[in-house]
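I'd like to ask you about the structure that follows.
When the chains are written out, they are named A, B, C and D in that same order, and each has its own residue count from 1.
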Amino acid sequence: MPTQNPVFIPGPTNVPDRLRHAMDMQTVDHRAPDFERQFVPLLQSLKSIFGTTSGEVFLFPSTGTGGWEAAVTNTLSPGDEVLAGRYGMFSHRWIELCRKQGLYVHAVQADWGDGVPVDEYERILAADTGHRIKAVLACHNETATGVTSDIAAVRRALDAAEHPAMLFVDGVSSIASMDFRMDDWGVDVAVTGSQKGLMLSPGLAIIAVSPQALEACHSSGCTRSYFDILAMRDANRAGSFPYTPPTGLIRGLRESMSMLSAEGLPRVFARHRRIAEGVRRAVGAWGLSLCAKRPELYSNTVSAIEVPRGFDSGVLVRHAYEHYGVSFGGGLGDVAGRVFRIGHLGDMTDVMALAGLAAAEMAMANLDYPIELGSGVVAAQQYYSATRNHWKQEVA
Amino acid sequence: MPTQNPVFIPGPTNVPDRLRHAMDMQTVDHRAPDFERQFVPLLQSLKSIFGTTSGEVFLFPSTGTGGWEAAVTNTLSPGDEVLAGRYGMFSHRWIELCRKQGLYVHAVQADWGDGVPVDEYERILAADTGHRIKAVLACHNETATGVTSDIAAVRRALDAAEHPAMLFVDGVSSIASMDFRMDDWGVDVAVTGSQKGLMLSPGLAIIAVSPQALEACHSSGCTRSYFDILAMRDANRAGSFPYTPPTGLIRGLRESMSMLSAEGLPRVFARHRRIAEGVRRAVGAWGLSLCAKRPELYSNTVSAIEVPRGFDSGVLVRHAYEHYGVSFGGGLGDVAGRVFRIGHLGDMTDVMALAGLAAAEMAMANLDYPIELGSGVVAAQQYYSATRNHWKQEVA
Amino acid sequence: MPTQNPVFIPGPTNVPDRLRHAMDMQTVDHRAPDFERQFVPLLQSLKSIFGTTSGEVFLFPSTGTGGWEAAVTNTLSPGDEVLAGRYGMFSHRWIELCRKQGLYVHAVQADWGDGVPVDEYERILAADTGHRIKAVLACHNETATGVTSDIAAVRRALDAAEHPAMLFVDGVSSIASMDFRMDDWGVDVAVTGSQKGLMLSPGLAIIAVSPQALEACHSSGCTRSYFDILAMRDANRAGSFPYTPPTGLIRGLRESMSMLSAEGLPRVFARHRRIAEGVRRAVGAWGLSLCAKRPELYSNTVSAIEVPRGFDSGVLVRHAYEHYGVSFGGGLGDVAGRVFRIGHLGDMTDVMALAGLAAAEMAMANLDYPIELGSGVVAAQQYYSATRNHWKQEVA
Amino acid sequence: MPTQNPVFIPGPTNVPDRLRHAMDMQTVDHRAPDFERQFVPLLQSLKSIFGTTSGEVFLFPSTGTGGWEAAVTNTLSPGDEVLAGRYGMFSHRWIELCRKQGLYVHAVQADWGDGVPVDEYERILAADTGHRIKAVLACHNETATGVTSDIAAVRRALDAAEHPAMLFVDGVSSIASMDFRMDDWGVDVAVTGSQKGLMLSPGLAIIAVSPQALEACHSSGCTRSYFDILAMRDANRAGSFPYTPPTGLIRGLRESMSMLSAEGLPRVFARHRRIAEGVRRAVGAWGLSLCAKRPELYSNTVSAIEVPRGFDSGVLVRHAYEHYGVSFGGGLGDVAGRVFRIGHLGDMTDVMALAGLAAAEMAMANLDYPIELGSGVVAAQQYYSATRNHWKQEVA
């Protein structure tokens, strides 16, 4: 059976050949001078995707979850209070992780489909006159619901409350695909991974840490060893790693940054916006709704689509996989069975997106969804064909 | 710019990862015993795609053109007469090649879009009571026009005329994707290449030769050296090659045969038929016509589509490439500017075909073709979604 | 400059093409049924390299260090006492990790070059009548010194003292290259990684956990989240992962196990023993000594070689890299500057080992070491050529 | 069983990862503008390895044999006389090919181990006052005997005789590894392949053709179609190919030229000279002789070594393969059983060469050759270690 269909899961994303070749290397000596010569500039170049000049970047062989753990265990102490919103599976999991680490989490519940609850954050922060809250957590792009939150607004809430808490942001499915402005937004730790906008295999948590957060590492009381930022920093400064580095992924990361730089980050972001908008036009034509409640929350990397009442999105996802060999994301947690997700980040073209929409339509039609076969595809085609020049100008 | 779109040219076709890995090998010693152990069974297994048990298979590092040359230079002598139809660019080129080799060709002109002119063949053969015609040429699947001809009918014409001429068939874009019955049809030399239904890189001509044609090799007067079948046969019998064999392609060929065998050739053919029919439904929905004149001529590996009067298919192909990064075949020779071609052979899925159709539609719409955007995609979606079970049963 | 020389570092090891191809895959959906179908049997098959039937295997995307952390944080509580020997850089680091995790470590110092101090262990365990020591740590193969310790003896020490402490073993550079008998030796957690005997890229810690240790996970007081064994186990039982799995490494691991199984573990071990013995013959011919103090400590995966007084092994390693493009391991920690290491594990042949020995000799000669050029190579050649049949019988 | 040993056959040579990745590409459209943009400059850049500015380069998907055929069939007519020396298997085969093509060959026999018989050439040319000889053939590097001939001397012979014959040179195993000066030497057609100094997979004949030879193409009477230079030239000028081009090999060739250019051809040649000299030192230390009769004939890409009387080199080659997994070249034709060959061209290092020498020594010792184990390796080590700086200066 042919196996060439792209995936439409919101990560790991489709890997371009150029990056597959970069990662597929014969073993090199990670203690040799060549490694240092390539690794140190890479850490510098990665700052661009975080939008930081003052922060420092660290790579932990792990996943985004490891990045979350590094963020909180290096900067906080057991019993510290943390403010976090729960509005999707990944913001939920980060809260759970904090609790496992002995932190006290003020978990602000928001609807799944809504963004970070800024007003509630502001109210809580203002009330916390004793500054017991040491860190505020936010998920920039909630992959489970296709919601992009306004991190600048969280910063404004902190500033309005004149609150000194650090701001930690999960940018796993946004960074390198959407604009992220760590310095402008006053983010203290930002977390991403290799397998989303960077188009690589999974296996690397990539975090950027502000000077303030680095300072906090010296007084943190949480235990950590594998994810110890200061130990990593000491090793990195000597051009090395505290343990065996994943040399293939590091080489891939250099190549990925080279591709993104050549295209130009603004064009990368515009490309993601255009692909996403085409998918949204299709969803509209189907008469379906996004899980994301308002247009300003719509994610440019993943669309979570609500299935009509009486349908189970898990059945849909399975059907598409079994009958058409196409993978979509299912619903997770509170929205299990209720949404399916089309990942449209990374190495994705308009034509690939149309393939995914066509497959989703066929699967829905097979399952008697009240949609018109072809309606979504044509809506996306209209948008993509109308914007083809616009896109060429932006990304050429 | 992302580079993951499949190609829709009628070869070289999209290469599955499994075959890319098979071809991507470190150098091995082609004179070592391992080579012989793998090469000799491969030649045996290749007989299945030709539909022969009595023929012998040979591999020449070259292209299909090299296969044509091998066919005629090993079996004929300068001045020999050959009967051939000209009904597309590739049947045309084979005729030209024969003339370069000093053969006299009775070239029967047929409309481009029609198949092998069997009636005319029969008339000429019957008239050739002196049996001056030594070989009859036919292109099983004319890649330039998307026409599949009835080779069994050519055999019947030969038999009806009680004519002893050999039958040489170009199956470059049919073999391993469509049913080919060398023994049943009395074919003496059949030619294919690595880069079509076998899903490999270009670089190998693969030919099957009947006992009668092998016998003719001993008395042929044409000069040949690189393409000398008897020298190749002698070397092969010793488990070797008369010159450096393309070991990567040979390893790829073993893996390709393994994939095709596991799927089962009848299912491979059914898969191609289904993908092709979806494309034809789209063409019908666009209100356009195939270059192939009648349904029984429709090719299951490539569809050549006539553009409306006043449009230039070359502009369309270029537009699709430049604006959507999608490659279609252009018109060649007599139908240059008048047809564009969608290759749908090899490692192609229904979902990939829909991507190609969607791209073709957008390009046509951009160029103000009188088609309805989405019409072709939905027609193909209807067919593909309706036949999904049928296909699963056949190919599962 | 050519780049084909193998590496002689004791990991990451040279990666065979077959495993490179297995790891180099286009993205697949890790939530699709196929993943589960392949992942669950893999966990089963991995038990063989640990020598366990009762233990369970878990994969953490990280490195061996992550495996160490998983071992202790899942089974122990802050303040728990641990008994460990320090006789090389890696046993040292594991002790440091334990201390970072709030454990109290009885660190028994042994000479670097000696093995696990079993007698001292037995004395301490016997004295610990209150059973305050909850776990005993041992490094099966100390990669920094090329010392293989007798884990069965550690078990006997525990049994002699009738001590209930768990036994945790670092088998990072031994497992899959040397015999490891988790069940026989009563090991509770054994740790290895993807980049040594398994011949893959770095990025996976692989641990096996005994029923007793799994039971201890329920009452452990250490914080953990990323490395939470029970959460991993729950996810694995559902055929999934608590976070994005490294699908390429997992696919590589299946292929690696397939290669090792086909060869047969006893033959794999015999092959490593033979390669190692050749290297040791060379060391003897050079008139140099191994860091490992006694023959029964000699490691079959890495040889740490003491340089003569007055020489700096760091200079030697750098010279070999710069002038011959060959990587050896340097001295770490207490033996920095005093030993250089030849890794001879994983995908290594006698001929490759000879290349490494020849390069080491040239580098030593260039730096005026008191060795005879060629002496080591010929000693190894004599051994390898004399044992060629023996090896064929064992591994053919 | 490990499979990482390099090959020591004189082609196909070991392929660097960078070139493997260049060749391993997903299908691209060879009729798209991108192909032309990359292909046309490649043809230009290839002139450098031929040492020509006035010649034109052509690529035929085939092997060196195809290049030989192209050389003679495009420029000569049946019955034309050709002068050629027979001093090895490849010069012999080219003569046989000419005869198959209907040419009359003055075959000058020379000892296998000697070079092109220049004096005899000069005598014959001087005697050919009627200029019936249309072409003179010479094999620059006879791969079967490890002999490099003096092509400049052949040119001098032609000039001394004031003879207008064209000069055709087989540079298959020399070009891109040794200095080749097509223009200076007045070569009319030079032939090489992808799988030797260019370090690629087999599959491409690469030929350079002088203006005089191109002119001769217009009046040649030999039949040709696949290997028609003028048809290739017409297609190339339009940025295309007369049949499906091997896009992977073409991409690999661009990368290979990029590697060679970056290193600098003089350094590439110096590197080959140094590796070869080390091998020759080993042969001398073994007390064996090269097949090449005099130092000025010694090839820098392949050494053919005479085995002592009473030994069969075929047994030796087989033994090395079966027992050590190392491939050497055997003896061909007149020297079958009498020489074995060590290929040391392409992507080869001193350390790799030592591995090959060590393996050859072990195999010879196993078979009771009168050589001292290690003697060759140490001789090569002495040379390589003494010249390491020299080499660094030349190639750094």
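In this section, a contact is a pair of C-beta atoms (placed from the backbone, for glycine too) under 8 Å apart; a residue touches a chain by one contact, two chains touch by 3 or more.
Note that the coordinates shown come from a computational prediction; the quantities given were computed from them, not determined experimentally.
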item	value
A-B or B-C, whichever has more C-beta pairs in contact	A-B
Farthest chain (mean CA position) relative to subunit A	D
Length of the line joining the C-alpha centres of subunit A and subunit C, rounded to whole Å	35
Rounded Å distance, subunit A centre to subunit B centre (Cα mean)	46
Rounded Å distance, subunit B centre to subunit C centre (Cα mean)	53
Residue list for subunit A, restricted to those that touch at least two other chains	3, 14, 17, 24, 26
For the subunit A and subunit C complex, residues of the former touching the latter	3, 7, 9, 11-15, 20, 23-24, 26-33, 61-66, 69, 73, 78, 96-97, 100-102, 193, 195, 201-203, 222-228, 242-249, 318, 321, 327, 329-330
Complex interface listing, subunit A residues touching subunit B	1-6, 14, 16-18, 263, 323-326, 347-352, 354-355, 358-359, 361-362, 365-366, 373-375, 377-378, 381-382, 384-385, 388, 392, 395
For the subunit A and subunit D complex, residues of the former touching the latter	17, 21, 24-26
